[in-house]
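Both complexes shown next keep subunit A, but they swap its partner, so subunit B is in the first and subunit C is in the second.
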Partner chain A sequence: MTFWNQGKALGRWALRAFSSATRSSRSATPKTVFISQSDDIFANLALEDWLYRHHDFSQHRILLLWRNGPAVVVGRHQNPWKETHVGALHDKQVVLARRNSGGGAVYHDQGNLNLSFLTSREGYNRRTNLTVVANALRREFGLEATVNDRDDLVLNGNYKISGTAAKLGRPNAYHHCTLLADVDLDNMKGILNSDDCGIETKATDSVRSPVCNLSSMHPGLNVASLMGAVGREFLRSDDRGVDLGKSAISRQLGFTLVNPTDDWFPGLEKSRAELASWGWRFGRTPDFTVRREFAVPREMCVTEGAKLQVQMRVVKGRVASMSVTVPPGFVSNAPEGEVAVLSGLEGQKFSEEAVGLVEAAFAKKDKSDKKKRFVAECVRRVVQ
Partner chain B sequence: MAFRICSLAGHGLRGAFLPKYTQKQIIRCFRVSPQFLATVQFNLSDIGEGIKEVTVKEWFVEAGQKVAQFDNICEVQSDKASVTITSRFDGVIKKLHYKIEDVAQVGQPLVDIELEGSEEAVKPEESSSSSSSSSSDSDGELKSSAPPPSPEEQMPYLFKSLAAPAVRRVAMENKIQISDIKGTGKGGRVLKEDILAFIEAKKAPPKVVPKAEGDRIEPIKGVMKGMAKTMTASLQIPHFVYSDEINVDNLVLVRQQLKEVSFGRGGVKLTYMPFLIKAASLALKHFPVINSSVDSECQNIIYKADHNIGVAMDTPLGLVVPNIKRVQTLSVFDVATELNRLMQSGMKGSLKPEDLTGGTFTISNIGIVSGINLDLFILLVGSIFLISFEKIL
Partner chain C sequence: MVVCSVVVRRLLAAAPAAPRHVFTGLRWVTSTPVKFTDRKYTDKHEWVQVEGKIGTIGITHYAQDALGDVVYAQLPDPGQEFSQMDECGALESVKAASELYCPVSGKIVSKNTEVEDTPGLINKSCYEKGWLFKLELSKLHELDGLMDEAQYEKFLKTDDH
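Up next is the complex of A and B:
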C-alpha cells in the first residue's frame, strides 16, 4: 500500500475505532446483558416484570441472566397441585412460584440458568433467541444443540436442555428460557410429578420430555461460564441472530450487574410481594374439580371393596364446595350416600387447613375415631 | 496461588423511559361502519409466528364496561406464549365473543366495542369525569379547544384527534394534558418532539413512572445519578481488554507478615489493595502513557504527572470510585491509611468532591463477586486505563 493509501486506511480505521459505542450497525440494536445479583425467585420475576412494564425497548434490547434457589415455577394458567406435590415442597425447601408467561412447569435450582430476552413487541422472535443460545453452546463448548419444532433446545437431537415461555404485550415482549447446566435432576424428577391426582381442569398441561444436564456433556461447564458464553454471543449477534464477529461485542453496551431492589427499580418491592403472595401463586389457579377415591379398610365397612370418594370444587384456590361419598355400611347411624360437608369448609384455602375443618365437622356424627381419621386422611391426600 | 486479572463493567440506568407505539397498528383488521357512534368489531390481530388460533385464558373486561385505548382486554395463550391483548379504541364493551378456555381465531372478532366520541355526541363532562386510568380526559380537552376541521376531526376513532397514539401515551404516563402543549405538526397536531420539549421545559428530573397507582416513584438522584451519567458517558469510549493470571504467592506471604505491623501503627487494615495500588504506580513510572487521558476531540494526549489511582467501591449509595492522590509519593503503608479513610468515608456517605475527581487510573476488585468471567468493563471519562482483579485462588 502506498503511503497515501495507508494514511486513508488508518484514518478510516481511526474513525471506526473512535466511534460512539451507542451508534449501532443497521441491524444490531444496542444491547446490554443484565446479571441479577439476587437468587430470590420472586425478586427476579419482579425484576423481569419491571423491565417489561417500564423500559423503552425501541432502541435497546436486554438479556437478563438470573438464577434461583430451588423452586418450582408454574406457568401463568397452570394448576400447581397438578404439577407437583404442593404439601411436600415446604419440607424439601422448595418454593412455589407462578410466572407471568404461559407454558409448563419447570424446576429451578442453582444449577439452572434463566435467560430472559426483553425486546419491543416488534422485536420479539423466539427462534432467533434460541439460535443465539445454540451458537454460544457450539462456539464456547463445542456442543451441538438444535431448536426443535416445539421451540425447545435439544442436545444431540434427544435431550431437552431448555424450556421456553413468552409474554407478549404492548409495547414490550419477552421470551425467557431455562438452561440445564448442572441441575439436580433426581430432585427435579421427584418434584415435578405426573401422578394422577384426580384433578379435572382446563389449566395448561405440562409436556414432559427426557432431559439432561449440559455439564454431563461438557465436564466443568457451570452456570457462571454459561452466563459469559451466552452473554457474549448475544452481544455479538445482530437482531436476526447472525454473528457479527467478536469485534461487535465492544460496540455494544456490555454486562451490568443489577440488584432487584426498590433503590434501583422503584416499585419493585411491591411487585415482588404480589408475586410471592398466596393470592397470586395459588389463588390464580383456574377453577378445577378434584375427585379421589380411597379404598376403605375392611374393618371399617361391611361391604367388600368399598370406596370412599372425596370431591371438591376449587375456585381461585379456595374450596367452593366439597362432598364426601361414603359407601353403604360405613357410617352406623347416618344416611348413606353423599354427605355434603357443610359451609364451614367453603372459602377455605385448598390446603391442610381444610382437613382440620373436616375433622371438626365429622366430630358431630357418631363415628369411631378410626373412621373419622380415615376420612380426614383421605381429604388430606386430596389436597396434597 | 494464582491471581486473575480480568475486567468489570458497570452501567447506570437510563433516565427517561418513553414507550413507543407504532401508529400503523391502529389501522389494521377492522371494519368501520359509516355512521358515527359505531359499534366496531375489534378483531384478534395477528400474534405472529404463524399462529392461527389461541386460547382465551382471562378476560379483564366485561360487557358494559368502559375501556380506554391501551387498556388490557384479555389474555390469550398460544402454546408457550401468553399474550396480552390491549384495546385499540376508547369506548364501551358491547359483547365478548369468547368464553374462557374457548379457542379464538386470529383475524376474527374478539370483542365488540361501541366507540366513544363523535361530532354531535361530545359530552365533555362525561369524558373528563371518567378519567381514572384512561386518556379520555385528554379527548374531552381536545374537543373543547376548537381546531380547524380536518379528516382527523371527522373520524375521531381513526385518528383520535390531534396527537398520535405514541404521543398520547407519553402524555398519559407523564400526566400531562395534551391541550397544554403547543402542537407544531399539521393542523396543530402535537408531535413527539413537542411533548419531549414540554417535559424538558418543565425541568422534571427524569423519572420512571410505573403504570399502577400507589407505586412509589423515586427519581434517580445524588450519587447514583452522578454515577449513571458518568457511566453512560464512559461507554462512548472505545475499549480494549486484556486478561491474565499471575502467581502471587510471595505477595500473600509479605502481607501476612506485615498485617500486624500495620495494625499496630494506628489500626490500619492492610489488604492486598495497597500493594496492588503501589505496584500499579511503579508500573506507571515505566509506562507513563497509561497514566494519561485523551481530550474530547481526540486531538491531544495529556500525560498526567500525578498517579491518582482510583479504587471502585460498593457503598450504600451505590458504586463510587474515589481516588488516592499522588501515589507515586506514598509508601504502601500511606496508601493503606488513605484507602482506609476513603472506605470509611464511602460507607458513611461522606466522601469529599476532591476524593472523587482527578483520577487518572482505576483499579477495581471484583473478588467478592467471583466466578464470573467477564470480558467487558467500563472506563471513567478522563482516564484511559482500568485494571480489575478477581479472586486470589
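Up next is the complex of A and C:
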C-alpha cells in the first residue's frame, strides 16, 4: 500500500482515534510509531526530513524509529575535520553524514537506536520525549534512567546513554535522539576525535561525556527489544508524557513499517541524494582556518628543531588560500619565511585531492624529491 | 494661560522622541511622545524594516527569548534569491537549530558578519546590532500582508503564537 493510501487510512483512523482519545484524555494526540526498513543513514535522514516538510502534525504525532550501518553524524553547523579523522573513515567503512538539526557529533552502528519525535511546532517538547524514553527503560528493563539538566538521558546519574538534537520550524518540528543499546564503544572512541588539529572556527563544538551501553546494565537488551519498549511507552503516554495505562495503547494507531523510497514518499530520493552529496556533508562546513606545524628532518634544513608550518583558509569545504612557511635552508635559493602561496589550489576540495596538487606546485620551487614528499605528507596530515 | 497653551502645543508638535518638560500653567509635566517603529512582522516572529526597496530583517524579542543563547547563525549569502517564506538560514541555540524564513521575496544584498562572529548579538540587541540580513525586495506589495507593531503585540497575546 502506498503511503498516500496509508495516509488516507491513517487519516480516517486518526480522526476515529482522536474522538475516542478525547473521551479518555483531552491531551492525547493520536500517535503512530513508524519503523524504517532501511539501514542507510542518508535514506533515513531523508525520511525524517520528508515527514517534517510534508506531513500535517496538527492532529497527529509520529515516533520514527531507525538504525543504520556505521556512520559519524555531525550537527548542522559542525566541522567534520574537527570531529573525526575524515581520511580514515573510508578504510574503516564508516560514512560521514551531516544532519539538519543542531548539536554535536555522534557515532552510529547497528547497536544504536535512533528515535525521532515529530510534532507540530506547538507540540515540541524535548523533555517530555526523554521522560517517555526513561519511563520505558524503567518499566520494561528496570533501568534507572533520568533526564539531567543538559536534557541528556543518563543512567545511574552519570553515564550518558543518549545524545539529543532538534530542528524547529513552522509549522513542524522534531526532536531526535540516539540510544546506545549495544554499540561498539571502542570503535566509537577511536573514531570521534577530541584533538585540536589546529582548526580555528566558529563551528559548533561537541561536548564529550562518559558513555555506556544499556546492554551492559541489562544483558540481552538489544535494539529490537528497545524499539518495542519505547514504542509502547510512546503510545500509552499523553502529550505531557504522563502514562495513561496499558489500555491506552489499543486506542492509538500502532506500529507501521515504512520504506524510505520514492514509491512511498514522493521526492525522497532527491532529498537522499542531496544529503549524501559532498556539497552538503563537507561543503556546508562553516569557514575555517587550519594551522599546523611539523618538525623538519635535520638533513633538510640548516638548524636544529626547525619547523614547517602549513596554513589554509577553507571556505565551503574548499581551499581558498594556502601558505607554507619554511625554515632556513629548506628551499634552495630562497630565504626562510613564507613560501609564496602555492597557486593552483584555490577551489580544490579540502581533501587528499589537494595533496597531489601541492606536490606538483612545490616541485616547481625545489628539485628535491624528499622535500617534496615531506611537504606533501605534512599537507596530507592537515587535510585529514 | 492662552499663550502658555499655544506654547505647549507648539512644543509638543515639535517634540522628538526625547521627553520634554512642559509647563502646562499649573505644574511641570514630562511628556514622552510614544513612537511606533515602521517595522513589519510575520507570524514566524521575524521583522522587516524597509527603506526604499531595501529591507533589513531580524528576529523579534519574543523569538530570541524562546531560542535561548544563540551559538551559531547561518545566514544567507549575498546574491541568493528567495521567495516569501522560503527557508533561508538557521539559528542554532543549545541543541536546537531553528529555521529562518524569508519574510518577503527578494535578493540578498548583505548579511551581518558581526552576528556571524558574535551570535550573542541576536540575544542582546535583536532590533539593532543583531540584524541578520538585508535584501532588495522584488514584491513590495507583500509588506501589506504583514503585521504592524500594534497587530504583532496583539498576536503575541493570543494562544496561537
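What we mean here is this: the second predicted complex is superposed on the first by the 354 of 384 C-alpha atoms of A that agree within 3 Å, B and C clash if a C-alpha of one lies under 4 Å from a C-alpha of the other, contacts with A are read in each partner's own complex, and residues count from 1 in each chain.
Keep this in mind: a contact is a pair of C-beta atoms (placed from the backbone, for glycine too) under 8 Å apart; a residue touches a chain by one contact, two chains touch by 3 or more.
Everything numeric here is computed off the predicted structure, so don't read it as measured data.
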Partners on subunit A (subunit B, subunit C) - clash or fit: clash
Which superposed partner A:L118 touches (first subunit B, second subunit C, both, neither): neither
Superposition-derived comparison: subunit B or subunit C, residues of subunit A touched: B
Subunit B versus subunit C as contact partner of A:T32, first or second or both or neither: first
Subunit B versus subunit C as contact partner of A:D262, first or second or both or neither: first
Which superposed partner A:R232 touches (first subunit B, second subunit C, both, neither): first
First, second, both or neither for A:V133, with subunit B first and subunit C second: neither
First, second, both or neither for A:D151, with subunit B first and subunit C second: both
First, second, both or neither for A:S250, with subunit B first and subunit C second: first
Subunit B and subunit C contact sites that coincide on subunit A, given as residue numbers: 75-77, 100-103, 126, 151, 164-170, 202, 204, 286
Subunit C contact footprint on subunit A (complex, rising order): 75-77, 100-103, 126, 151, 164-170, 202-204, 286
List of subunit C residues in touch with subunit A within their complex: 43-44, 71-72, 74, 87, 90, 92-99, 101, 116-117
For the subunit A and subunit B complex, residues of the former touching the latter: 17-22, 32, 35, 37, 53-56, 58, 75-77, 100-104, 120, 122, 124, 126, 150-151, 164-172, 202, 204, 224-225, 227-228, 231-232, 235, 249-250, 253-257, 262-267, 270, 286
Residues of subunit B touching subunit A in the complex: 9-11, 13-14, 17-22, 47-49, 57-58, 70, 75, 77-84, 86, 100-101, 208-212, 214-218, 224, 235-241, 298, 369, 371-378
